[in-house]
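Have a look at the structure below, then the notes.
Chain IDs A, B, C, D, E and F follow the sequence of writing; residue 1 opens each chain.
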């Protein structure tokens, strides 16, 4: 993701990204389950590093496994690159925590961009106190080993019902979390910025009493009006 | 709905309306899904104007349809009367938005009383900033065409699992959203006001240490006590 | 529950209790559904007194039953001991209220420790205004008789998917609600206090840049470091 | 239940019983989950004896508990009266068995009328081979202790989402399982028999080409025609 | 739908229709819920006539409404054209019946092609005995008025999670029910017939030991082999 | 898995395996979703080879991907060893097919032991006609690319809510599908055979009129009776 793409994706909203992907035929890109937990939401853009769980089986998921050197979920905390987004496939179980405050602290110290999961968080208030961007299902007391067994790292996962391939771009904010296929990130950022410019104009006109039809989406008159407005230097609304 | 009925329904709580309808044998009138989104909740009373969606089918739901003159969901925004409540059957899909900030702005400008839907809202923070009464499932990035196709306007719908006939009275607040069949609105308002008068008395006595049995519901002694309390001019609790 | 156990269980977090139970092989002890409703959460420890509902049947659940002397749900309000936790099996129906503000007021006046239910609360804002510890599904307008019939008192129940036997110890806070089997309460409190002491140390070290492996769970070096830190008098982090 | 009521309830269909209860305002009496498992279904009428489970908790549900003298689920097998219907509240978990072939064999030997549960059956083929009336969710390998803890006997339960009070009358067949409140059994049987007599006539006329309106439900002409048909001695269709 | 299209659609399988629609970008066309109830399945092709329900509300859904002249669900039975498929939006409630044996008998007598619904059927065995093509959720005792109120006729509906516009073509068989948008029916039939011709060849070669890659989907060698096989006159497998 | 273990596991029932695992503390080993589809069920024992899907994303799941040399789901069909069980994680979506008749034919020709999936099968009747052991959710018309994108091969998966590690032993029959951790297969087989021997005796006694307590589980008298019965050479029941 180059700097211009990053800047574009940071500037536009999650809803705009969703519409740009829909225009390219992608409907199944908005996660169901993970939501912005910081108040206000801490916007997040970054490349996905993935961690996957499978269902708990009593022989595979005991408190002891947490200490093994090859235990994937602990490796993920140390290996996710600074600036990346840790995406944890928590099997849609919002009632099981995927991390707690100690691991969130480690992610923060390491410079990771944020966390996205359809699982829960334990020590919830302490997690929030870290000021780290968190998108997950909400508070949940049980540790991951209470409900999950380790899967693997950096493979395709499901999170919030959406496929995430390592390296895909995550865009998250108050409206939720969207996955942008890596190959589409640049064009989505560019066209999204133009879409938002028009919507600023449209909302201004609607606030002035214009009906929605003709303005949104625009007919020829609206496009001419928009061109004039742009030329006039985008007066503040 | 005459002015007295409106005043009564505005004065009483959603819980009281629910009990009055239960006393008349109506149990299936409280929506599951839509919740008060403004903080604090913005109480809402008004007649229902309905919009209905059906499931998305790729040939019916594309970004292009938004611009068609006969596209029902856009017509609804312009045709819902001032003072009415726009009720959108979002098929119980809280993860798909039924409107965003531009359409909420238009509803506000037009003097619509409020919005009720079992779907979500996109550009959620901007929607809330409009100060318009919103009862829906919460934030959701995907536009309606990502998950719905247009159904029709002003027909019986399901919203939050409850049947809504155009013209029914919507009562909404912090406890949720209730549908009052049009023919029952006047008596529900009148009897609900009396119910709340008694409950104010009952809570006062309970705060003073009276056990619940005998007071709620009242036995003869409690009714006599209540009559005296009323006569004494409803001392403030 | 003796005073030391109570003190330990009040001092430690819900997440710690969950881990202590998991170490003893108990995974199915964390409720799904009830959540902390006061803001901030009002921590709760106490012995469970149980009330159970069964599905509404129109011949069994009418507004009239509320006034009968033997109506279990009303008896529960008067019979739950001061200091105990009223646990209401609301059949996982968060859209049906199990109590409203009048009954919450009575529980508060009687000195009950708190309320836990997988059902909802009506007159939600008034319930919160009482300053009484509430763990339930959220606001819901319909009264219990709209969706439930009376079951019984002080028998084993399901609440939030967890078995609760009368006399079990309830521990609740921002991370949710945990059921501690009565026979395990003392040891869970004692070992949980030690667990939290170590975690305070671990988080301190991680904030100083130590990787998670080796510290959490601890290897021999970490244990030696911890012993030294303890001896040094637990310097504040 | 007297002999005439039993004979009436055996003669009429589950659908007819459902309609008779609906006419009396009872909608929530048809179980969701239990279905006829014998092929063809073995019709069942009898009084309910109830057994209840709560969620599995690892300290309460071990293979050892099966051998304890006071273990409720085993007592139920020996105590349910001959001629009664054993109704097991399996918490809607069709994937957990409530009984297996050995216990079904015991129920058969003891002369119990049948079994109704929203749970599953293990050793499914052997259960069916016993020729005993079974209404449950289907095959499931895990024994009850894998997912349930013992609740109690002969208390109000939920089964398939319906309240069952011990002594209520169970009516089951190919269309499913209905609970008839004990006090209504006689009149439901009597009026149901008359309903079926008319429906036999209605279906005959419709097979002869009559439209449904006017016949079902009947207008005055249809009633006259029906009276004549009855007088003519109910010619076979 | 012309005769050739009908013949093509009758000859090919539901799975083939599904793949042809997917190739045109339509994924959301296969119903979830309705299944073939006749044994063996009675294949069905026809144009959709739609009936819609909304949730039961006690003031709208009583046994009395069945007799009103304008009651939509009864009008649908008389107005659905011979040769058409009656599609009933049963709100995904398989536990509520949308019709019983008397109405199925009337549909059969009137020459309707078949019934598709995500609701249930009452008097299930009698319904099957009519030999009429039935695709629904299974047996259910409660009549429609126990759970639904009347919606309307011949409007867009949801059935099994799929949008159905009156006049769309329904294709149903053992693999389930597919909705073919009216405008695509001819090309789907034509291309589907060619697809099945190739698959017959592919399965023949795989039965002879050929690996799947190269054959399905075909590479150039396989296409040449197929052309030769076709020229040789499609030897029977 | 050695020959004796295989023989033991083939001889005992799925319910017995479930109980043996429960005795070792494993509760979460019985799949929910996959069921025996052949009639009668074709018993299945073999080592698991796993294939995993992630959610459909329109850029990843098109009919074209089926022809790519590296498309995992097609490689799985060729690479699963003869004698192994192909376990497909179909994301619990019974309405999406994971294979159709052509691929089932290839599995049969290659000598694979059977197929287990929580997804559906298309061309269902043709799949069954192959006489190949099938455990899945049922018929479903949409091809995998309609709802899934390719995940990977031979990694830990979830199937029917149970963790499956490649090489685990699958045991399936009329009661469903159980996963036996590889390390436990031998002892489960051995102890299961002894369990069934006793249960044969217990059922014989119960058929002769003995109550369940004392026999199942056995007390000392029953054990003595059993020993004598065994010595007498297990008379046929």
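Following the convention adopted for this analysis, a residue touches a chain if its C-beta (ideal position, glycine included) is under 8 Å from a C-beta of that chain, and two chains touch if they have at least 3 such contacts.
Please read all numbers here as calculations on a predicted model, not as lab measurements.
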Inset, instruction - Enumerate, in label order, the chains that touch chain A and chain F alike. - result: none
Inset, instruction - Please identify which chain has its centre, taken as the mean of its CA atoms, farthest from the centre of chain D. - result: A
Legend entry - Interface residue overlap between copies chain A and chain C, same or different (over half shared): different
Legend entry - Centre-of-Cα separation between chain C and chain B, whole angstrom: 32
Legend entry - Intercentroid distance (Cα basis), chain F paired with chain C, Å: 39
Legend entry - Of all residues in chain D, the ones touching two or more other chains: 25, 27, 56
Inset, instruction - Once you've mapped the touching chain pairs, tell me: line, ring, star, complete or other? - result: other
Legend entry - Every chain pair in contact, whichever chains are involved: A-B, A-C, A-F, B-C, B-E, C-D, D-E, D-F, E-F
Inset, instruction - Spell out the part of chain A that touches chain C in their complex, as residue ranges. - result: 56, 63, 66-67, 69, 74, 77-78, 95, 97, 100-103, 105-106, 109, 122-125, 138-143, 145-147
Inset, instruction - Please give the residue numbers of chain D that touch chain C in the complex, ascending. - result: 25-29, 54-60, 91, 149-152, 155-158, 161-165, 179, 181, 183-184
Legend entry - Parts of chain C lying in touch with chain A, wherever the complex brings them together: 13-15, 17-19, 22-23, 27, 30, 32, 35-36, 40, 174-176, 178, 199, 202-203, 206-207, 209, 211-213, 216-217, 219
